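The chains carry the letters A, B, C, D and E, assigned in the order they are written, with residues numbered from 1 in each.
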Amino acid sequence: MSAAGQPTDPTDLTKPLAGQQPSSSGPDGTAGAHGAGSDHTAAGAHGAGSTKGGGGGTGPLLTVSNLRKSYGDHVPLRDISLTAAEHECIVLIGASGSGKSTLLRCINLLEVVDDGVITLDGTDITDPRVNADRVRSDVGMVFQSYNLFPHMSVLDNIMLAPRKVRGVGKATARADAMAMLERVGLANKAKARPDQLSGGQQQRVAIARALVNKPRLMLFDEVTSALDPELVGEVLALLTELKTEGMTMLVATHEMSFARDVADRVLFLADGQVAESGPPEQVLAAPQDPRTQRFLRRMLG
Amino acid sequence: GSSDSAGSGGGSDTSAATGQTTGAPAGSDAGSSSGAAGSGAAGSGAAGSGGAALGGDCTPDKLQTTTPGTLTIATSEPVYEPWMVDNDPTNGKGYESAVAYAVAEQLGYPKDKVAWKRVGFDEAVARQQGWDFDINQFSISQDRLKRVDMSSGYYDVTQTVITTKGSPIDGATSVGQLKDAKLGAMIGTTSLTALNDVIAPNSKPSVFKDNAAAAQALKNKQIDGLVVDLPTAFYMTSAQLDNGAIVGQLPGTTSEKEQFGLLLAKNSPITACATKAVDALRANGSLEKFNAEWLSGKDTAPVLTK
Amino acid sequence: MSTSTNDGWSPSPLQQQRDAYRLGRARRSTLIAAVSSVVVVGVIAVLVVNSSGWDRFRETFFDVGYVFERQRDGTVIALEVLKGLWLNVRIAVIAEIAILIVALAAALARSLRGPVWFPLRALAIGYTDLFRGLPQILVLLMFGFGMPALQISWLPNSALFWGAVGLVLSYGAYVSEVLRAGIESIHPSQRAASRSLGLTHGQTMRYVVVPQGVRRVLPALLNDFVSLLKDTGLISVLGVVYDAVLNAQIATSQSYNYTPYVYAGLLFVILTIPLTRVTDWIARRQGFHGVGGTV
Amino acid sequence: MSTSTNDGWSPSPLQQQRDAYRLGRARRSTLIAAVSSVVVVGVIAVLVVNSSGWDRFRETFFDVGYVFERQRDGTVIALEVLKGLWLNVRIAVIAEIAILIVALAAALARSLRGPVWFPLRALAIGYTDLFRGLPQILVLLMFGFGMPALQISWLPNSALFWGAVGLVLSYGAYVSEVLRAGIESIHPSQRAASRSLGLTHGQTMRYVVVPQGVRRVLPALLNDFVSLLKDTGLISVLGVVYDAVLNAQIATSQSYNYTPYVYAGLLFVILTIPLTRVTDWIARRQGFHGVGGTV
Amino acid sequence: MSAAGQPTDPTDLTKPLAGQQPSSSGPDGTAGAHGAGSDHTAAGAHGAGSTKGGGGGTGPLLTVSNLRKSYGDHVPLRDISLTAAEHECIVLIGASGSGKSTLLRCINLLEVVDDGVITLDGTDITDPRVNADRVRSDVGMVFQSYNLFPHMSVLDNIMLAPRKVRGVGKATARADAMAMLERVGLANKAKARPDQLSGGQQQRVAIARALVNKPRLMLFDEVTSALDPELVGEVLALLTELKTEGMTMLVATHEMSFARDVADRVLFLADGQVAESGPPEQVLAAPQDPRTQRFLRRMLG
């Protein structure tokens, strides 16, 4: 599929995903020049996609090429490349501080990258001329700390973006929001304030708030880390459901069982790079990279 | 505190300038001396204030007043006895109220063509708008005349030290006996200047923002004495202090003759007429009459020796 | 605690003994505290009342009759001061609205990040630094006398107007710092969440950050409003504004009796206590419930 | 960012293009902001300078010569005002110490929980409500003239002393609320941790809660100190304090020239700006780094 | 051993622990009257103790009898009874809100109990005449959120209680504190501020701070819940070590593996009572109470 990018026939499941070259990677086509990480970008994606019933897109919905992001002297992302095909669920794992959150924030344009290219549906969204607000409304993101707006009711939280960003009428926005609340099983909490909900319920509202924008891509950043152990299940179940319905997802998590059961592909981040990538059964059960091995030993041990 | 030494030179400057600017040096000086000397003749009824309008350029149709046809007179809020009575300038009671109406009459404004406006001290000197002249015990000085106009003086000020009976300075007869006292004066008045120049006390004087505060400090024995103008001295010691006592008048420095004048906006078109009116009132004995009526005419406190 | 009914529990005899013991101790402590408070207050009161100056003090500061009597000019001081207070309140309310607008603008300008906004930020910083540093009275004098002195024809001339402007700019600088603190206390994750939904910077401020920030500093804002209310009286240096304090001063000037001041003070306290109670209540509702707990 | 050396990275050509594009945009925005700021300020300046009253305004408010000339009585206004400011500073520093003591006592009393402490708490509440509600000027008059009026022989008589007491009590009420907010903002878990180590209530307050609480409200305390500094001049209503503003006022009353006020204001600003900078710096170090980040 | 309480011969391992009656349970001896929970108090403790090499004390160091604690209408602890022999490690499990923290806080006298008796070493510490500060300095408690004093260095945190509570001289206190820091492997962080440490390091400092008081009993309240998954291990290792050295411990935790590997006894709290209690192999592997079964199913997933 290589030079995909423009929306192409979504039924075309045959093209291999490997070797993509982002069509709008930049005026001079040099985006792929720092190739250290590019061998990880699509390994195993196709296979995983078909076995798990998801990821059957035509080309990568998302490509990240040679991404670099630093804070001062500290470079959490040195050279990251990856692709996500439509309907694919990619799980990011890695030690604390390995840059999972940073990567997701870069994809959502919450950070200005130092170098490299991110394309969404073929468009270079790291181009400074791109309207970042438009891009963000196409990408849903859910945070570890829910980040619901505490001064608004649950319903208003969900209606805010449709009303203000997409200019949807009040009645429609309300109907959409209620439908979405129904979807996450919290229709009866519409009028509640976020702080009247349990952590698990809050996180489900946060997911509903992101979904109501009908995003092409969902980013989940350790969405269960702040939850009481008993409440983790309800949120992971919702994620699993989304995956089943074909949502394209990037999930940073420490929940190895989720990675094992739901991911199409698992990427292990270390030293600012994708140190290992592949279907969960390979990365989690038979890791190649010694850093992955050490990490998994600590996590599962 | 270091400000005493150069005082006397300053004093003479002031009076000279006063004369020049009012444009009536002779009248002003003569008037003041006659006013002081002739107090015994107060109430001889020379003029009454009635009827004697100046005419000439000083008539309502020629004067460019703020509100044409009306003379707007400013004074502060509140005003104190004996200069005005009951905080009401319109009742014609009190020396300054009487003077103000008499000046208005000289300029051809009957009582019902006089409007009063209450303005603060700072407002009067800083804004100089919205009224024709302000009467509020403004002392004439050369420094002030750089910023404002003033009429010739309508009252000759004598600074007086008052105290309460039994205080350390009760019964003092010389300025020297006041040096160690804790003294006070009102800010914005020349009483403070006089206190510093004439007495040059060893401790810095207290400076009050209104008469009530000063009186309270005196009652509380927080200060031993207060320097005020003579009428205020009489009023305070008789009406407001239970056992107030006048110590005595401060001796003037040579030619220093302090006067209250009407305050006018800088370059006011009315200044000349106001001066003429005041001079006329002095000449026809009205000022003496008012003095006798409202200030008891008793400017007779003993003068402290130097 | 209140009921022993819900689950049929009733205190065991041991617990009853403990409760009785604790009650006794608590009563004793309360008694001690109460007695010592009363003693302290009482000693002060006795000292004051038996002082040689007490009678004069009472006449000067607590001459109730004077405040409520009809004066010679037909007015009643109590009423005049009350009318003055109503003026203070009206000025304060109108000024507060302007203050909030000025302050929010300055706070938003100062919250901008990045070198692009340097000029705006510099303006806002200059404004807040200058007006926080200047004594209020000087600001009032500068505006109240300075602006009209310029005689720019289309500018208003009124002392009340310029006095209010002076107050607004002074308080605006303070309040902008309060608002800025509120805005900056909102965790950046709220902003990230809003931006990630596609809201612009402006929308994020408008709908997410500012509403929360303002709520968080509401107690401080209310405190500043109380101060403003008390400071509206300062305008009378610019022109005669018959507020509560000036009316008290007028009454005092006639009699050298300070009771009108005490009365004005009382009115202010009566007005501000409910405000401070509301403030406290809001603060408590937002924060922790004190260092409390049972230890 | 600063170096591209550490890990041998240097921007790709694409990135260089982006950086150049962004730099261009940023420059343009800054230029627009700068130009518009300059234009606004410039227009105001031109309006003022060309107003018909400008000359008189300048003479009245910006007569630099007057402030620095030797006056007839041998003084130089600039020096007198500066001396006054030094007095403001000394009074403020001494008062601040007393304020902190009073305020801490009231804050600790109000932070006590449980019915046992009701009397103490009630005292503290009464105190803060009363003194926060009263206009400062009334408090000063009440103490400055009221206490000496009692003529209790062993109490000092000095207006300066009682004025300072009035300031201390007024500010003490405010500052106690600030301290209380600080103390109550310390999470109860800190207290639990301290008590569980065996520290008593008093030790917990002394070593754990108060130090953290004070630190947290340091910016507010510094702000209040700046206000105090400016308000020390209020004591001059009692007649005794030759502070900067009074010295300016005396000079102005001699000449009706307002430049001494402007000069005093300038001195205050010069003094307070570093203080507010320190305040901001502390606030920033403690809180979030603004709503910042790159979005 | 029943009426133990006074420090007795620590080598006496023979006496059974069951059927204790707290010697100082109250002037009228009614403390044990609400017996609903008392059948759980010591079940299996002896056996567990001996197999795991810990809990061989002479009598229960701690007894809790018919403890009740309510907040208004809410009664998290209805009727709790338990004992802990010396050297015993008891793990508390239970759903969120089941009252684990409340129980530990009651034992540390951070809450005033509504009813019931807690004895430490035979002394009724719920007696209002007891000096609570003295008792607390004999019981160490470590919290989920570390609760280090952020305005003090690590060393000062540890030295505070010895200096101020026990009046130890500065030099001695410093030496003790350094020894304790050595013990938890953080001697090189003595001068650091708490916020310069990782969560795991902070928690180890908190443990050191409690241990330096040489407590008879340590209470651990979900000490790993706030930690990044990778840091959990270092703290649990420290707890295990303490257990091995014979510290008497009450540990509230969601870490089932820790309960399984280290606990002498596991207590399951539900509905304000000890719903089930016994050695871990019994409670965790073959729970009797349906509530325990449900809880474990959710937790082990």
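Quick note on the criterion: a contact is a pair of C-beta atoms (placed from the backbone, for glycine too) under 8 Å apart; a residue touches a chain by one contact, two chains touch by 3 or more.
Just so you know, these numbers come straight off a predicted model, no measurement behind them.
Participant: Would you mind naming the chains that touch chain B and likewise touch chain C?
Facilitator: D
Participant: How many angstrom lie between the CA centroids of chain A and chain E, rounded to a whole number?
Facilitator: 42
Participant: Take the average of all CA coordinates in chain C, do the same for chain E, and state the distance between these two points in whole angstrom.
Facilitator: Chain centres of chain C and chain E, defined by C-alpha means, are spaced 48 Å apart.
Participant: Can you list every residue of chain D that touches 2 or more other chains, as numbers and ranges?
Facilitator: 56, 60, 141, 145, 149, 151, 192, 195, 258, 293, 295
Participant: Listing for chain E: what residues touch at least two other chains?
Facilitator: 110, in rising order.
Participant: Indicate the residues of chain B shared as contacts by at least two other chains.
Facilitator: 126, 216, 219
Participant: Touching pairs of chains, which are they?
Facilitator: Touching chain pairs, listed by label, are A-C, A-D, A-E, B-C, B-D, C-D, C-E, D-E.
Participant: Can you check the complex and tell me which residues of chain A touch chain D?
Facilitator: Touch list, chain A to chain D: 25-28, 30-31, 33-34, 66, 68, 70, 72-73, 75, 78, 109-112, 114-117, 126-129, 132.
Participant: If you look only at chain C, which of its residues touch chain B in the complex?
Facilitator: Touching chain B from chain C are residues 56, 60, 72-73, 141, 144-145, 148-149, 157, 159, 236-240, 246, 249-250, 252-254, 256, 258.
Participant: Quick check: in the complex, which residue numbers of chain C touch chain D?
Facilitator: Those residues of chain C that touch chain D are 26, 29-30, 33-34, 36-38, 41, 47-48, 51-54, 56-57, 60-61, 111, 113-120, 122-123, 128-130, 132-139, 141-142, 145-146, 149-152, 174, 177, 181, 183-188, 191-192, 195, 201, 209, 219, 223, 226, 230, 233, 245, 258, 261-262, 264-265, 268-273, 276, 283, 287-288, 290-293, 295.
Participant: Give the list of chain E residues in touch with chain D in this complex.
Facilitator: Touching chain D from chain E are residues 105, 108, 110, 133-134, 136-141, 143, 145, 147-151, 160-161, 164-166, 206, 209-210, 213.
Participant: Enumerate the contact residues on chain C facing chain E in the complex.
Facilitator: 1-3, 6-7, 9, 11-15, 17-18, 21-22, 25, 293-295
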